[in-house]
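Paired with chain B in one complex and with chain C in the other, chain A is shared by the two complexes that follow.
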Partner chain A sequence: MKKQSNKDLRILLLGLDNAGKTTILKKLASEDINHITPTQGFNIKTVQSSGFRLNVWDIGGQRKIRPYWRNYFENTDVLIYVIDSADRKRFDETGEQLGDLLDEDKLAGIPVLVFANKQDLLSAASASEIAENLNLHKIRDRKWQIQACSATTGEGISVCNKINPVNRILLMSIDWRFTSCCVYGGKNVGQLIIRESMICISEYSYLGLDLIS
Partner chain B sequence: MKSIYRWLTGTCELQRICKSCNETGDRTTAVEKSLGTSKTESLRKITTSLGINVNDAVQHIAVVKKINHESSINSEFICSLSKCLVQICTYSQLKDHVETIRSTTYDSNNKQHETMLMKLWDLLCPDNQLEQRISPQWTEIGFQGSNPETDFRGMGLLGLEQLVYFTENYTQVARKILSHSHHPTYGYSMAIVGIHLTNMAYSLLVSNALKPHFYYSNVSATLDEFHKVYCYLIVEFDSFWRSEKPENILIFNEIKEKFRLKTLQKLKTLRVLRSFELM
Partner chain C sequence: MGCFGSKYGNERALAHEEPKVYSWDRRERVDPKDYTLQNLSGETVGRLPGEVKGQQFIIDNCKDCNIYIFDHSATITVDDCTNCRIFLGPIQGSVFIRDCTDCQIALACQQFRTRDCKKLDIFLHCVTQPIIEATTAIRFGCFQYYYKELKDQFAAAKLSVFSNNWSNIHDFTPVAGENNWMLIPENPAVDDYLPRPSSDKFMTMDISTTIKDSVVPITTGCRRKLSSNSCLVAFFADAIASDAPLKYVKQLQQETNCTVVQTKQLSMKPEDSMRVFYTERYNDEVLKGDIIGVEVNGDNVLELSRQLLERCCMGNLYYLSDSASAGNQDIDAFFNFNDVGMGGL
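Up next, the complex of A and B:
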């Protein structure tokens, strides 16, 4: 497998069908979201930020396509898991699916960011309700965060928000790279990455995310 | 340049176009280009505005170009200019009409929408009754899950209307394609692919790439004819997909793009999209 450059991050966007993955992808890439169709296969977009290239892979969520998700696990830096917060009937299904993903060897330790999408709908469950439902608090083997959002309005997704999701993803990736490099490549490699990311970290330290420890 | 020609021949560009172009498509294309680049704003507007009365527009052009439209010498020109304008205006109206349908969201509380959806099932699977409205059976005809409602998305009612049009008018072909879509290796989700092809037909229309199809054929740009373009796409895509021998569904976007480019090429060279299967 081609070695990725330190500036290239691989982000995997998964979730059930109709969760809003493609809309989030397009929103992150500042593209029009009016003509979206159900994803057959996958979509990929590259988002540039703070000198990093986030290669975001959005794979179809239809049951038939889910067995192929594993083809995309390799070298993932952050897993983004999208949930339709208004589709309460499928909370069990989406919880099981997420549980299966977290059990995958190839995704071991990889940080997960859960997007509690469709917050614009009246019937949407809150982020904390979803976190409870999915037992996110029981996750011990990786860092995780949950973000309430609405891909259609841009709330929680648009980069102009106070908490920019791209920075959040970036910080989670860098933290993961640092941790895994310290384990596999020694402290020096980890420090190299830290130095590269220094500017970005200081720029966004206001987020108060204590990621580098 | 135009003014030199005008002085030399005593005719305006539109008259020269109508005289020299024998083929309707060439004529309409050239007239549209000429009007679109005119110095007079009211002439440019004819090509872009909606709800234009062709007779009024022709009269207006004649006045601006100082052509006596009542004189018998010019009757041939007036007649062929009218034909061009009809083609240009119908295309704009079609775009508007299609946009209205596309922007209508599928609504399960709307009886008409629901009836249409059930019709699709009955036409495709006459021997297999749908047990209930929310049912995993919908995946058999290629929806993603138990409720097709969420699959129409950005294509709105247009996606459903075209699937129904196709299965209603070419029922046997549609059932054959459904059986192809169940192939163990080259299978795909028929309804979802259908919605993707609605998106393709829609984009071709909006980007004006479909103009040659309507300008060079004898058919006028009606909604019915637009749906026929969709039928063409679904039939041709099905055979293209199998001929590409895809490893699995994951390369769908790649093959769809190849197919789109091939269709664009056809619109450039053959201009009119026709499928033998649908004749």
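Up next, the complex of A and C:
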């Protein structure tokens, strides 16, 4: 669970059961998403790019096993919280869980990216509706973002691979805007942006240096 | 709707960005009411083939109803239902059943989940391991159903009728000394649990609930095996294209006393094939397409299978365990070879 080197970035993927955490993880790794078993423990994937490693920890979300989430808080660089935007019956429950996480000492100040997942479904609430529902605007003690996405289509989570040759910033992946969370986030500011941007796409690392200079 | 967030931070980076348009911004708007059955009591309702077409569906707060969704869907939630009979056609993603009591349900899905339920009978086809949480007195049987459009709906939902884990249940909240889940008694009359729809809307549906007609091959799963002899049969691309696996399974069930324990469709690399079959013979076959494996059980299963396979495969390549003693090793190698490494809490 400890970070192995300063080239490792630890990302924690949490959310209620059936939110789509594992599907996001598998989609990021370009793996098959038609045979995903509900997670009983945890899954880990490492995305490697230019010598940097993004370690994503995906922890099962059933009510019974949520108390174990805290075992994974240590050394987290970014929290990704996944919401099933089409499960309106459980907006209160997911809001309470997120609130509890944000109160955790070990996650204090850690940037949080909220994925408003399952936007492809017909009853999905928009990201702004969810942000309002969950009172995200009241978060003052950390950087946060909410991103609409669909893990099944890959939209909103895909790693950017297009760069505008004229102004490379223009087409910088909006999907991975949580890069900015890391950039301006509390600790290791300079290092984080380099790591994160390299994970996005290697050329972007130069942009990263640009942005913080 | 794109993304937005905390104010401080990244204005510089974002100032030049064009707003991104996603598929859900462009899609045709549908009325969620057409895909919801809510607050009903004592009715027979549902959807015919072509009325859901792979969309999400919601069933909520129904009492004493018979509900039939004869189409494929993206995902379904069933909340707060009491004393209902429910049929759900192939579900590409998950089905989530919550706060339900006294229901009989037949369904096919990629993921099966329950929470806070009691007294459910489920005729299940589930590609992955079904899970239950805070659920008691739930019983499982193999999905057993036919209507004309069902086979194509499985394909549309990207579910293989051969990848079924209906009896391999994971309970998140086991209670010491008690069984939260059990099996429905063998050879059930499905109609007794889930009657065929009686209302005019469904008059045109041509339904069968026999083992012989079932779109999903009936398997015994974790039920007690009748014989100590088991073997593995595996079909490769050409045999699958000619529908040999289903013919073999149906003939074995109708003409012999042997049982089909489990079936699975998967893809293999040549190195996997070497590991499972201990030969290079199938390396080219596995590159052509998926493999379907069948575990069969019965006193004379090897000899009976050999005869049936000659008839069903019509010259196409298949694999059959060499001997009954090699069977269990083969079965273990095939059905567990690609279990993904998973961490425990």
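We take it that the second predicted complex is superposed on the first by the 152 of 213 C-alpha atoms of A that agree within 3 Å, B and C clash if a C-alpha of one lies under 4 Å from a C-alpha of the other, contacts with A are read in each partner's own complex, and residues count from 1 in each chain.
Definition applied: contacts are C-beta pairs under 8 Å (C-beta built on N, C-alpha and C of every residue); 3 or more make two chains touch, one makes a residue touch a chain.
Every value quoted in this text rests on a predicted model; they were computed, and no experiment measured them.
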Combined model on chain A where chain B meets chain C, clash or fit: clash
Touching partner for A:Asp17 - first (chain B), second (chain C), both, neither: both
Touched partner set for A:Leu122, first chain B, second chain C, both or neither: second
Which superposed partner A:Tyr68 touches (first chain B, second chain C, both, neither): both
Partner chain in contact with A:Gln147 - chain B first, chain C second, else both or neither: second
Which superposed partner A:His35 touches (first chain B, second chain C, both, neither): both
Partner touching more residues of chain A, whether chain B or chain C: C
Common ground on chain A, meaning residues reached by chain C in one complex and by chain B in the other: 17-18, 34-38, 40-43, 60, 62-65, 68, 71
Partner chain B, residues of chain A touching it in the complex: 17-18, 33-38, 40-43, 60-65, 68, 71
Residue ranges of chain B in contact with chain A within the complex: 139, 144-145, 150-151, 153-155, 159, 188-189, 192-193, 195-196, 199, 202-203, 248-254
Of all residues in chain C, those that touch chain A in their complex: 1-6, 8-10, 12-14, 16-18, 20, 22-24, 30, 32, 35-36, 55-56, 58, 60, 74-75, 77, 79, 92-94, 96, 98, 110-111, 113, 115, 127-129, 131, 133-134, 158-159, 163, 170, 172-173, 340, 342-345
Parts of chain A lying in touch with chain C, wherever the complex brings them together: 17-18, 34-44, 60, 62-65, 68, 71, 86-87, 89, 116, 118-124, 126-128, 131, 136, 139, 142-148, 150, 152-153, 155-156, 167, 169-170, 172, 174, 177, 180-181, 183-184, 211
